[in-house]
Amino acid sequence: MKKIGILTSGGDCSGMNAAIRGAVRTALRLNLEIVGFRKGFLGLMKGDCITLDSLAVSGTIHRGGTLLQSARSPEFRTPEGQQKALEILKGLGIEGLIIAGGDGSLAGALALHHLGFPVVGIPASIDNDIPGTDMALGVDTALNNIIYAIDCIKDTASSHARAFVIEVMGRNSGYLASVSAIATGAEFALVPEREIDLGEICMRLRTRYEEGRDNSIIILAEGAGSAQQIADSIKDTIGFETRVTVLGHYQRGGAPTVFDRLLGSRFGKKSVELLMEGKRGIMVGISCSVLGVYPLELVVNGTKSPDGDLLHLAEALGI
Amino acid sequence: MKKIGILTSGGDCSGMNAAIRGAVRTALRLNLEIVGFRKGFLGLMKGDCITLDSLAVSGTIHRGGTLLQSARSPEFRTPEGQQKALEILKGLGIEGLIIAGGDGSLAGALALHHLGFPVVGIPASIDNDIPGTDMALGVDTALNNIIYAIDCIKDTASSHARAFVIEVMGRNSGYLASVSAIATGAEFALVPEREIDLGEICMRLRTRYEEGRDNSIIILAEGAGSAQQIADSIKDTIGFETRVTVLGHYQRGGAPTVFDRLLGSRFGKKSVELLMEGKRGIMVGISCSVLGVYPLELVVNGTKSPDGDLLHLAEALGI
Amino acid sequence: MKKIGILTSGGDCSGMNAAIRGAVRTALRLNLEIVGFRKGFLGLMKGDCITLDSLAVSGTIHRGGTLLQSARSPEFRTPEGQQKALEILKGLGIEGLIIAGGDGSLAGALALHHLGFPVVGIPASIDNDIPGTDMALGVDTALNNIIYAIDCIKDTASSHARAFVIEVMGRNSGYLASVSAIATGAEFALVPEREIDLGEICMRLRTRYEEGRDNSIIILAEGAGSAQQIADSIKDTIGFETRVTVLGHYQRGGAPTVFDRLLGSRFGKKSVELLMEGKRGIMVGISCSVLGVYPLELVVNGTKSPDGDLLHLAEALGI
Amino acid sequence: MKKIGILTSGGDCSGMNAAIRGAVRTALRLNLEIVGFRKGFLGLMKGDCITLDSLAVSGTIHRGGTLLQSARSPEFRTPEGQQKALEILKGLGIEGLIIAGGDGSLAGALALHHLGFPVVGIPASIDNDIPGTDMALGVDTALNNIIYAIDCIKDTASSHARAFVIEVMGRNSGYLASVSAIATGAEFALVPEREIDLGEICMRLRTRYEEGRDNSIIILAEGAGSAQQIADSIKDTIGFETRVTVLGHYQRGGAPTVFDRLLGSRFGKKSVELLMEGKRGIMVGISCSVLGVYPLELVVNGTKSPDGDLLHLAEALGI
């Protein structure tokens, strides 16, 4: 193998730059040429790539987002698009490809694998819903972003008698909501995995109020409902002033944490090594603090099961 | 004067603790007793107060919110309520009162002044819409909270081709939206003082896109419209993926900045000194970096005019 | 078991409050009374303790330091002191004790265990040099504090042609220095485990300079040498302006990260459960992301071996 | 005037990028060409400059440091060097120069002015010791960096009985030390303007200790003494464990605050406008919140007098 490529796709996350940098530094040390496609699969479809040298990744490890940018490519989702991508890769002399992203991006990686092209995936998704790895890239930074905001809201909450509904990311997964609720001492975590019982929430809010605890924080995964509707319901049902915060893309960005810088560096390094060893169709992952690999087939067709330990902890802390 | 009181009312803000601390330390140095009412006018109506000594304010200057808490009191808004408050103050032997808060709280202060009770107001409102002071307490911290979040979103924005609508506080004032737009290099600031022209925004977004600049940040004051509606309009009109963030009460809290710690300390100190000097019915303020006073009558019945310099700066920077 | 105690000892760290809170909430749920000794073993020697209820730990999870405070007690180190401590514990009706701290504190825990008193230890030391756990409490927060400061210095470094020596904690362990060097893209990590070769450092600095890279960051574990002396040597040997930063106790404090809030919560909860299950003379720890236990005997007499994976990563990234 | 230049010199500070960006955007709006010299006067001596367009300053307002870099040039300090610089400027067709920096850099600006070349200075120095402006660029960010670190240390301080000596910048000025002491509630601010009385400090530390307040924070301006020596003295004299932190260049960098982003933007814009209006040999400044100008002659030969208001505030708060 003489030349490989790397791209970041789907929602960006903090730590992607560390992964690119780790891959580049490892490739250079192994005398491999490495190019980066701009804007994910969109750039791949156009052959829009740049050669990555040491300077290209210098001063990037502490930046959020991805220096290669990210975008969606409807064309790549078609069999014809995938065939075209394969030809572009071959035309550029690229013999292996690293793809960092979430579910959709890893499905794209699998498609290329099925066409016989050597790919390695890197799990990068703040929702932490990718099977085959305990933690995806960007999760730790997103969580720390979230608690920074909630800590600020708690200052206000403890100054007022109010309920606060804070919407965090997670269309299908309540991981961010659950963990940030534990970490901030919030009263409620509303997650897509469990039906919301607004009546019970209102009852518990009122009980708290009667016990003299007149402010409450409710953390809502976006997939579990609408923050504004829940706030309106609470206001209508028990008359509590209820304020809404939607953290949105604030969660994705910002300087990555130490954990994500290291995880990204490790994932990037390992991906290059795996390609060199002839491994294909796999995703790197971290399990029990140790790097491992996991078949892309299982990643794309599997579901991550929730962390039982976490649920017990939440229960013990009264969430 | 032997004994004075202090309360914080309305929306809390970072720097209130510094103001309380500054007042307490100054009062103690002048051998004045000082008590704090809990939960603003609500506590005043109940005579719910605590004696504030050096220990009570120790370790508070770097905390957001207000250690005295804040709440609304419908009762205090009635003439009977105000008369009752006056009697409670007299019953407690309190000879002067410091009230920190926004418009509504300062109107309450004026009401007590009209009944002949010595009051001094401290302008505290993150919207920066209080006449008689260049900066209200909490504004600088709120602005820095806002740009921290927007900087994070910019990491993501520069990784994707997208528009982002970020809603900040400001029901009647576009100050936070305008200043944070300048400070983050955002493309648009939508403010209540100016009608929103969605057609023009969409046209400019499309022009930017055709020039190769495929992401844009739109900062919206809450009083200027609904973030979700604006995002939906952009999506419908020009097909741009548009993401919404509602910063909500995140803006109010968090460790105060140096500016707010100093301003609060100064406001607190000055308020006590003014009461001792026999000044009444006034609000402390900062104008041209110098502390001054301003009649509460003018505060409550006036309007703050927008900062012309700021508008020119925004224009020069292309917002 | 009806009543247990908890204390924090040695250098404090972020996450101790989460551990106390986790222990208290778990104890209350199990109908156990729990008291906290103030100022570590010093308070234990005086029987200075407070009953911890839900309110006592409310609003503490996001604070650095330890609400129970910490201090050293020379008296406790003597056999007579330990015997006295035992009698005080018995006199207070305490049947089990949780001790959170570093090497010295866990040695104290072991001493009580040897006297037959039920103890469980919680590893809390930012140096991450405690055997029996992959991560000690406070390490993740300390690391994130460190990189925040170094990221700031890099802004300056990239504006100037200079070398920067940054001293981080770690008397016997280079863990913080190594990990923060990887995470910030620093050029050198000087650690107590490896002799410093100043000649080689100067040579590499000069080579970098001749290649056009005119600024360098050197991260020094405090146990590996004096930051000022190293800076002076570099200046004398190759004439580079070299600036010193000593991060000191800045590293210990601040709002804990999500990781430390969760780890603390888990450690606290598990410690109470272990006491209830009749386990003694052990320390809780985390290994492969799973909570486990480890004999205090081995903790106190063992040494933590460095992380081989980490060293390879550092090498791959050119540190 | 058709073409102007800009350079940043001396110690960098946060906000310099906003100043460059403000100058560039204003110049472009006025159809002026603008070039930036790399590495301050060093680049000027080599004619090493780049044309600055909108893209060159895009995405820089939130970055610390200076995108033009900074360095010292011994050659420029000689009359021959200055004459050579003049010829380089003329050779490049540059008709006016904006110089952002501290005392030394502004003295360089004055030298060019004396040779008849149109210059405008921008005060940029975190020490806030430049006459002619209430605030220099970078001061507000440096102060907020400092209090972030001290707030962290206070978490630890309140967990232990200890004294902490924290060294901040300020060779000739105690501004940073004084303001950060007020803003963090520190017990002592040691400044170059006032002789340190170690005996009195020890006496006050002991008194505090006897009153039950067993931790103290001492903030030291670097020009007032050595942190380590003061710590050793305290330890020797009264036996207190005393810890040292030297914040060093951490203070200079990091994302600029809102204040510095606005101030930089304003300074940059105004500098270009002043050059266009035919103003020369002046520095922009901010006084009473309003932009003004001040002769470079007076800047270079003057001294900034300390802020009396600040000293009274410090006294009132018991520092």
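In this document, chain identifiers A, B, C and D correspond to the written order of the chains, with residue numbering beginning at 1 in each.
One rule holds for everything that comes next: contacts are C-beta pairs under 8 Å (C-beta built on N, C-alpha and C of every residue); 3 or more make two chains touch, one makes a residue touch a chain.
Computed from a predicted model, the values in this text were never measured in an experiment.
For chain D, the chain with the farthest CA centroid is A.
Work out the mean CA point of chain B and of chain C, and you get 39 Å between them. The mean-CA centres of chain A and chain B are about 35 angstrom from one another, to the nearest whole unit. Averaged C-alpha coordinates put the centre of chain A at 29 Å from the centre of chain C.
For chain A, residues touching at least two other chains, in rising order: 151, 154, 158.
Interface note: chains touch in the pairs A-B, A-C, B-D, C-D.
Within the complex, the chain A residues that touch chain C are 21-22, 25-26, 29, 58-59, 61-62, 134, 140, 143-144, 147-148, 151, 154, 158, 179-180, 182-185, 255, 257-259, 261-262, 265-266, 269, 287-291, 309, 313, 316-318.
Looking at the complex, you find that chain D touches chain C at residues 8, 11-12, 14, 39, 63-66, 69-71, 145, 149, 151-161, 164, 166, 243-254.
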